[in-house]
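Below are two complexes that have chain A in common, paired first with chain B and then with chain C.
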Partner chain A sequence: MNVLWVKVAAPVASFRRPLDHNYQRTLLLPPPTTLLGLAGAALGLSEGELWHKGPPLQGLLVAALALQKPGGARDMWTVMKIKNNKITERSPYFRELLFFARYMLLYGGPTDLLEALQAAFTDPVYPLSLGREDELIILEDMGLERAVAGEARFFGTVIPGDLRQLDFRWLPRPGIIFEPPVVEVLPLGFELDQRGMRHPVGATPFTFLPFDLEVEVPGQKEVFTLEALEGRSFTWMNSPSLANRMSPSWST
Partner chain B sequence: MSNLQASKAVALGYLMKVSAGNINASHTEGNVMVAKKVTLPDGSSVPYFSGQAQRRMLRDRMEELGFTLSETSALVSGQEVTPPVRPWEFIDEDLFGYLDPSGGRRRTSPVRVSAAVGLFPFQGDRDLGTRSFERFGQTMEAGGNMFETELYANLFKGNMLVELDRIGIFSDLEVGKQKEVPEGAEKIEKNGRQFYILSAAERQRRLQALLEALGLLWGGGRTARMLSDLSPRFLAYARLKVKHPVFLEALQARFVEGSFYLNPDPLLGALEKFKNYQETVIFGLESGFFGNEAEIRQQLQDYGPVYTVHGAIAKAKEDLGKL
Partner chain C sequence: MAGRNISRKQPEIQVQLDQEHPTGNFWVDNGLVALCDLVGEGTYPVDKILEEVQQRLLQKTGNVGEYLDENTGELREYEKVNWVYPTNLFIKVSGNAPKKKFSGKEYPIHPPCFELGLRFSKNQKYCDVCGDLAPVTDAKMWMFPFIVDPGKFGNFYSRGKRGINLCPRCAVAGAAGYLNWLWVAQGRDALHFFLFHSDLDEITRLRREVLHPLSLLRESRGGNIGLPFSGPYLHETTLGLLLELFSHVRRSEHLSEEGRKLLASLLGAEDSLPPAPLTLYAITGKPGQAFNMQVFREFSHLHALYRLYEAWIKALGGDNPQRTLTNVFRQFQTREGNQYNTLWREKIAWAVLEFSDPLPYVEAFLFDARAKEKNPFPLSWGTEPVLDHYAKEVLNVDENLLRVLGGFGHSLGTAAHEKNEMGLLYGLRNAKNLEEFLRVLNDIQFRLELTVPEKLLEIGQGERVAGSPWVRVKTMLSIYAMNNYLRAEKGPKPEQGGSANEQSAGE
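Presenting the complex of A and B:
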């Protein structure tokens, strides 16, 4: 399978965990919908076009690897609270931000789609950002390469499934201080209602592995590597093998 | 088609100096007003101020330049706050976008402003203040509450990416289908969608106002006692055929014996990398600011003319005036 790899630097990025409200934690890596949204921005797709069940992005596989450990901040915002049709007070909330993150973003699918995407990343219709619209990224490098089988050893990436329910082995390295992995149930896409509001579909558990936590997952299928990854492996977040976990509205 | 019509974006990279300030405070810890800071993997931290804070300052400066700003919460109903959604009338709705939750109308900002990040570590400095009880109806002899504000001296790198092909152009997804074509706009249909386009002169005026506002930048919190001039000390302007924030990771400096030294290498690397997509490149440099001013001028002149910051903004406005 051909894979489009896109190396990016993100001075600021954030990926809010879906149920967080007053304290919005960030995931360490972009979730599948963010990666599809980034592709959609590059291609100039509206939300309706992007999340339509048919083409143009149907079948596009996504994965991401962190290339370094990022810095972090807890950013305070205030929201206006409404009472009796008046804005009466301000209420604080916190949002975690990642700073100085670098990622390898991976896209798999039909070659013509990947070539179109490669051209779009070179000349994007909308600016490229990971997270909110001001969280711009800079494209460092990009290439189209054939994936080969990799070893089921991962760090600084996202694997589908709940690590606690997977057969895994921790591969300790001396001198590191690592954060625990994060398991989060995330959508694989969205549906838009008549008002244009997004509704998540295809809820799937994912394990986000921090940069310093390496695990071996012998039962993990569909493990790949690329020359550009310099020995690291990845697995798709939204592989068709996940289809049975998706909601009917997404998989049909 | 003129060369300018092929332009899709303007990338701006700039450096702002804060001598002693806390531009964008976070929360309070006890009686300490905490500055927004990033903790790096090695445990050190650098201050930053958000893109949102810069947008607020830019809007305020535009108001001073004579533009009427929108009232973001023009209509409050139930739990929904609706902006006016008249970007042809309000420059800030045009440049900075809006969200109308009731009708699903949304304009993604064509001006992207990244957080401004300090280039040097935060040293833990604090300013001590007293809030007098006089303010609460007591006598001066009653004393007051002591409080502290974290503050820093730092050089901040900022970045902006402006989508030239969206300023002054509004799609039906952004403004809804209009019964009448807004005043000063022209309606066109493309790929089954409707667009309302302001005149070239108005679009230029708005872009120029953005640059003017950047050149006058100040604002944020605590300006009554910690006013900082945030107008750029260094500016890189590039009009581009692609929408990439070319200067996003390109500004680095060091501080040696009381002077800032701009490291030209990452900047030259970015200029070289995006060379094929650049149409105009202009630099602005505040005279006497950098210890290696001659080296910077000499290295940058192969890519574009180097003016004073004020001169560079004037030249950039002139460049946009040809649109």
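Presenting the complex of A and C:
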């Protein structure tokens, strides 16, 4: 399988957990919908086109690996509430931010789609951001490469499933301090209704492994590696086999 | 708000309550546990469960109101009820009763009914918490306190426009989440609440055997658990809660033997492998008409914190090491008018809970707050052993270096007091780089006639002293020195110069 790898740096990034509103914690890595959204921004897709179940993004697989440990901060923002087309009140909220994050974003799928995506990342239609629209990224490098089977050892990445229910082994290294992994149920996509509201579909549990925590997951299938990953492995977040197993709604 | 009339029109929806299917959401899972404890596992109509929850969340206010009895045409008194504090910050469902005019004034025709009601969609949709396909309701704050009105966020989160969908099970469990929380209030400044999360069986046991007996100890307007100290900030209050819980692990007058053993196993105090990991969710906000959430933290390494606590208790020894340890952390506050400023304690607690470095905050407290008080006291007994142990075990400071710092710090503080050289200690504290630090040590040598231990002058690669960053060495030395300066100020004045101290410094 061909894989498009995109190495990016994000001076500031944030990935709000779906149910957090007035205190918005961030995930450590971009969730699948963010990666699909990024591809859509590069290609210039509208929201309707992006979340359409058919082409153009049908079959696009996504994964992400952290290349370094990001810094963290908490920032206060103000939401302006609009009622009757007027700003009636302001409401503060807190948002956790990641600083100086670097990621290897991975896209898998038909070669022509990946080639189109590669060209789009070189000359994107919309600004590329990870998180909110003003959290722009710097594209450092990218390439198209053939993936080969990898070892089921992961760190600083997202694996589908709840780690507590997976057969895993922690690979400790002396002298490290790490945050515990985060398990979050996230959608694999959205459906847009007639009013333009997004409805999440394909709720799937994901484990976000921090950069310093390495685990071996022997039962993990579809593990790949690339030369560009220098020995690290990844697995797709939205592999069709996983979607079928975990979320019947997404496959229909 | 949907009331009983609306829910009656809907087909009766049954909810399956069991502990086999956790949602992974700490609030809803805690609510499920509370419900299973309340009504037992099984299948129940939504309305029945909601009524059970409601009964526990309503209380009599002690005030009396009047309603018009239509049968007799007379006014009758009733006891007013409201949502129990602090759930009334989240549950804004008010009492409902039709009114009639009587003697020129409007009166309800029966005591107002406070009813939580749920209205579910006709079509099945995916629940945003558990992912089940079921009739859903639009989540409100009384079911899930972490959301806000969709109108507030809908303008820039298109998904937010539709709110959050909850299935019947998650909706009633969310409402029951309030029955399983620990909370502490600091008047109008802060409301903290805490929830433990693990697998449902462990939460159930923790609730029955530990939290319930402990929360019964103090049910007041200030909270439902007694803490050795708390303040308006999250980390200091969390540390207070953990010190309280840890104190019951080895011996407890309030917990049953089973409860004590459970707590010990959950915190990794037993030799056997601990069961499922326990996470503590701590949330702090400002109570006003509603709850303005300000901080939200998860603490997952409770085992490691317990081991640190145990080592501290062992290092302190004495009759009541628990009280000593509590006093050590309680002291980092200053009185400002009628209130206490606890920001230093918050920073120190944050560093400890994160296994980071609390020493700069202790130094700042000592120099910027304590030393500037009118009649300053030294740090409470036990502070130095607690900091020493933390520096050794968590920050990997060399044990010999710690001894040298302790001894020299003692000599330095005493000598600075004798020669009225407090400025020298501030000079030490303010050293911005290694050169300045060495210059201050040089000044100490000449002005106080003390011999600086050689160990402090062994500068290694990366500006490290005996393997520790120079700034950490400087910070520890200035803490010891200032503490001993203050101790000397309080204690009897030595008759002669610091020759004895100098000896210890030269070790």
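The rule we apply is simple: the second predicted complex is superposed on the first by the 235 of 252 C-alpha atoms of A that agree within 3 Å, B and C clash if a C-alpha of one lies under 4 Å from a C-alpha of the other, contacts with A are read in each partner's own complex, and residues count from 1 in each chain.
Simple rule for what comes next: a residue touches a chain if its C-beta (ideal position, glycine included) is under 8 Å from a C-beta of that chain, and two chains touch if they have at least 3 such contacts.
Not measured: the values here are computed from a predicted model.
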item: Contacts of A:Ile82 with chain B and chain C, given as first, second, both or neither; value: both
item: Which of chain B and chain C A:Leu19 touches, first, second, both or neither; value: second
item: Chain B versus chain C as contact partner of A:Ala149, first or second or both or neither; value: neither
item: Touching partner for A:Pro180 - first (chain B), second (chain C), both, neither; value: second
item: Chain B versus chain C as contact partner of A:Leu139, first or second or both or neither; value: first
item: Touched partner set for A:Val201, first chain B, second chain C, both or neither; value: second
item: First (chain B), second (chain C), both or neither touched by A:Asp162; value: second
item: First, second, both or neither for A:Phe190, with chain B first and chain C second; value: second
item: Chain C-contacting residues of chain A that also contact chain B; value: 74, 80, 82, 92, 94, 195-197
item: Complex interface listing, chain C residues touching chain A; value: 24-25, 125-126, 128-131, 133, 144, 146-148, 151-153, 155-156, 158-162, 164, 276-277, 279, 283, 292-296, 300-301, 355
item: Complex contacts: residues of chain B adjacent to chain A; value: 8-9, 26-27, 36-41, 46, 48, 50-52, 73, 76-79, 81, 97, 103-104, 106, 108-109, 112-115, 117, 159, 161, 163, 173, 241-246, 248-249
item: Complex contacts: residues of chain A adjacent to chain B; value: 9, 11-12, 46, 69-77, 80, 82, 85-87, 92, 94, 97, 99-100, 122-129, 133-139, 195-197
item: Footprint of chain C on chain A - complex, ascending; value: 18-23, 25, 47, 74, 79-83, 91-92, 94, 162, 164, 177, 180, 183, 185, 190, 195-201, 203, 205, 247, 249
